[in-house]
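Letters A, B and C name the chains as they come in the text, with residue numbers starting at 1 for each one.
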Amino acid sequence: MGTLTEAMSTRPPLKNILEGALLAAGGPLTLDGLAGLFAEEEAPPTREALSAALAALEADYRDRGIELAQVAGGFRIQVRQSCAPWVARLWDEKPPRYSRALLETLALIAYRQPITRGEIEDIRGVAVSTNIIKTLLEREWVRVVGHRDVPGRPALYASTRKFLDYFGLKSLNELPTLAEIRDPEFLGDDLPLEPPAPVTGALAEAGNSPTATQG
Amino acid sequence: MGTLTEAMSTRPPLKNILEGALLAAGGPLTLDGLAGLFAEEEAPPTREALSAALAALEADYRDRGIELAQVAGGFRIQVRQSCAPWVARLWDEKPPRYSRALLETLALIAYRQPITRGEIEDIRGVAVSTNIIKTLLEREWVRVVGHRDVPGRPALYASTRKFLDYFGLKSLNELPTLAEIRDPEFLGDDLPLEPPAPVTGALAEAGNSPTATQG
Amino acid sequence: MSDRALPASAAATGQTLSMAADTAAILPAQGLATAGATAAAPFAPAGPPQQREMPFAIVQGQPLLTLPQDLYIPPDALEIFLDTFEGPMDLLLYLIKRQNLDILDIPIAQITDQYMEYVELMKDLRLELAAEYLVMAALLAEIKSRMLLPRPAEAEEEEDPRADLVRRLQDYERFKRAAQDLDALPRLERDHYLVQALVPPGHRRLIPPEVDLREVLLALRDLLARADLFTSHKVEKESLSLRERMAIVLAKLQGMGFVPFVHLFEPHEGRAGLVVSFLAVLELIKSATIELVQAEPFAPIHVRLRTGA
């Protein structure tokens, strides 16, 4: 009993421990991960207490060079965008820029997952270079989640938590909404415009599209 | 001139930029390195201004989970010693399950205490590694209660109060008798010995390296 | 379509290729760069040498086909032009947007002609890439011919020949925009940076594994089966409490020097407890672990751990 009281009396404020952990982690931490910093016998904080401490931390950072952000992987502390131009000068290299081809491929995987390379090529009307897929896989923004059961068993790509984390998103729901498509009235009402099911939709399109982009 | 004024008016407080840079750098930065974050044309801060901002930062951190430290390589922000025990749990490592040899040794000490290592080895027919004894002592499940007065004066091991507590026993008498243990009905079928599955701290799955706590 | 060679000298000297057609200032399709004002920036650093109205190619007697004026083509990077377009869909979209045409009512003949002009240029520049554009060219030609065919009046429900192409263009445009939106999101390594603070060393812990008593007992059972060394037929329940008592006695003597014999006994335990303690002492004496010392007859007996010779 003595050690319990002792530990409790010397424990720094919860907010400080969370701050230290989030700054040391080098990446996002979940509420569970933060709760895991406290042993059973030392009166671990409740989830409410953790959330309250995080909210207090966020408020503390309002006028600072860092901020608390919530992304798919949990909570993380990051350098504020307003300070980024100066912080960027720490490194010789410029921030990486990504080609339109890579971004379009990534967007298709994010919005239409799971999707095969062939389906991406059908929509983009151009071959997807192996380098792009390789880069996306290496950055762990996309991964192979299966294979479509058609000849050749092409890999099905989906986005990852790392992708969400990189772009500061909590979930795919936070992706910018896709642009609306105007209904081409002149085509008549019988036109099914957007195939509702993404998985089968792309295949259906491939079926009725006269342009083969293979090869 | 217009852009210069603009850049200056939108530039965050010096303290914030330094905070962002020190935290993003992941290592110490010198005064020169910090000064280098500012371009010639944007009225770079003087060394005095930098020092003053660092001092302000240090003061800000007084009641926080982090602190500004001056080391050989310059300035760095680090987790406060008082928070370190909790933060270090991010890298907690769960070693694999105990070996058969350790469990046998523990059982022999419990049932045949006080017992020397040599006697354990005689019964088991193989040497008992020093690591096993060390692990059991560190867990405070066994302790040395004396030495047998024979050449070499081997230590006599016995089980502890902690051992009883851990296994929910009031006394050794509550352990099943050897006759009961021999009875095939008593313990049922053999436990499938699971392969060692090292489970590590909250960061393991995120792929974070534990290097942060070194040095 | 005759063969039209690219004026290599013009490209080699790094001149700005301009278009002599109606559209004097052609911006790349929306989204080539984030804003019109900066569109030329990646391609036209530091004022490239200008030479006006250099006919790029002659199409059916007219200097129709040139590159957008603001596209500076470095001598060794002709593919920049091609890379400006992410494929035939992108080029088509560009042609449509450039002329403010309604994507839902594309003048297919006009677009097809313009498209073919670009494709001819690409064929000259890089054949293998043009292949993808040729597929689209074939599609456009097919649609064009179907549009020319008289449509039977009763075939109301027959689909507009352009319908599929329009759908595909719209679909592509959505993802083209989605890619721009994605690029605009604040992201790591550009708008935000991860932080990392050092943790003072010396706090790493090893979490000990959980152990079930059953595991210990099973290990013991295996051991018993392996080496039948526990052959003594003592009452084993007794044996265990005796052994526990031996350990307790030893613990009491630890670091104490001489301890009065009577201190090893707890009267409140009753007769059974006293007997176990006595047996434990005897057992420890037998195993040369403790020794009894009595200064003179009838003096108090003391016990101590044997320290050896």
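Methods note: a residue touches a chain if its C-beta (ideal position, glycine included) is under 8 Å from a C-beta of that chain, and two chains touch if they have at least 3 such contacts.
These numbers were taken from a predicted model, which means no experiment stands behind them.
Among the remaining chains, those touching chain A as well as chain B are C.
Among the remaining chains, the Cα-based centre furthest from that of chain A is the centre of B. The mean-CA centres of chain A and chain B are about 30 angstrom from one another, to the nearest whole unit.
Distance between chain centres (mean CA atoms), chain A to chain C: 9 Å.
With centres defined as mean CA coordinates, chain C is found 27 Å away from chain B. With touch defined as above, residues shared between interfaces to two or more other chains in chain B number as follows: 20, 23-24, 26, 66, 77, 79, 84, 87, 89, 212.
The multi-chain contact residues of chain C, meaning those touching 2 or more other chains, are 193-199.
Within the complex formed with chain C, the residues of chain A that make contact are 20, 23-24, 26-27, 66, 69, 76-81, 84, 87-88, 95-96, 98, 100-101, 103-104, 106-108, 110-111, 123-127, 165-169, 175-176, 178-179, 181-182, 184-188, 190-191, 193, 205, 208-213, 215. If you check the complex, the residues on chain B that touch chain A are 10-13, 15-21, 23-26, 29, 33, 36-38, 63-66, 77, 79-80, 82-84, 86-87, 89-90, 201-203, 206, 208, 212. Listed in rising order, the residues of chain C touching chain B in the complex are 193-209, 211, 213-224, 226-227, 229-230, 236-237, 240-241, 243-244, 246-247, 250-251, 253-254, 284, 287-291, 305-308. Taken together, the chain C residues at the contact with chain A in this complex read 32, 86-90, 104-105, 131-132, 135-136, 138-139, 142, 157, 159-160, 163-164, 166-168, 170-183, 185-199.
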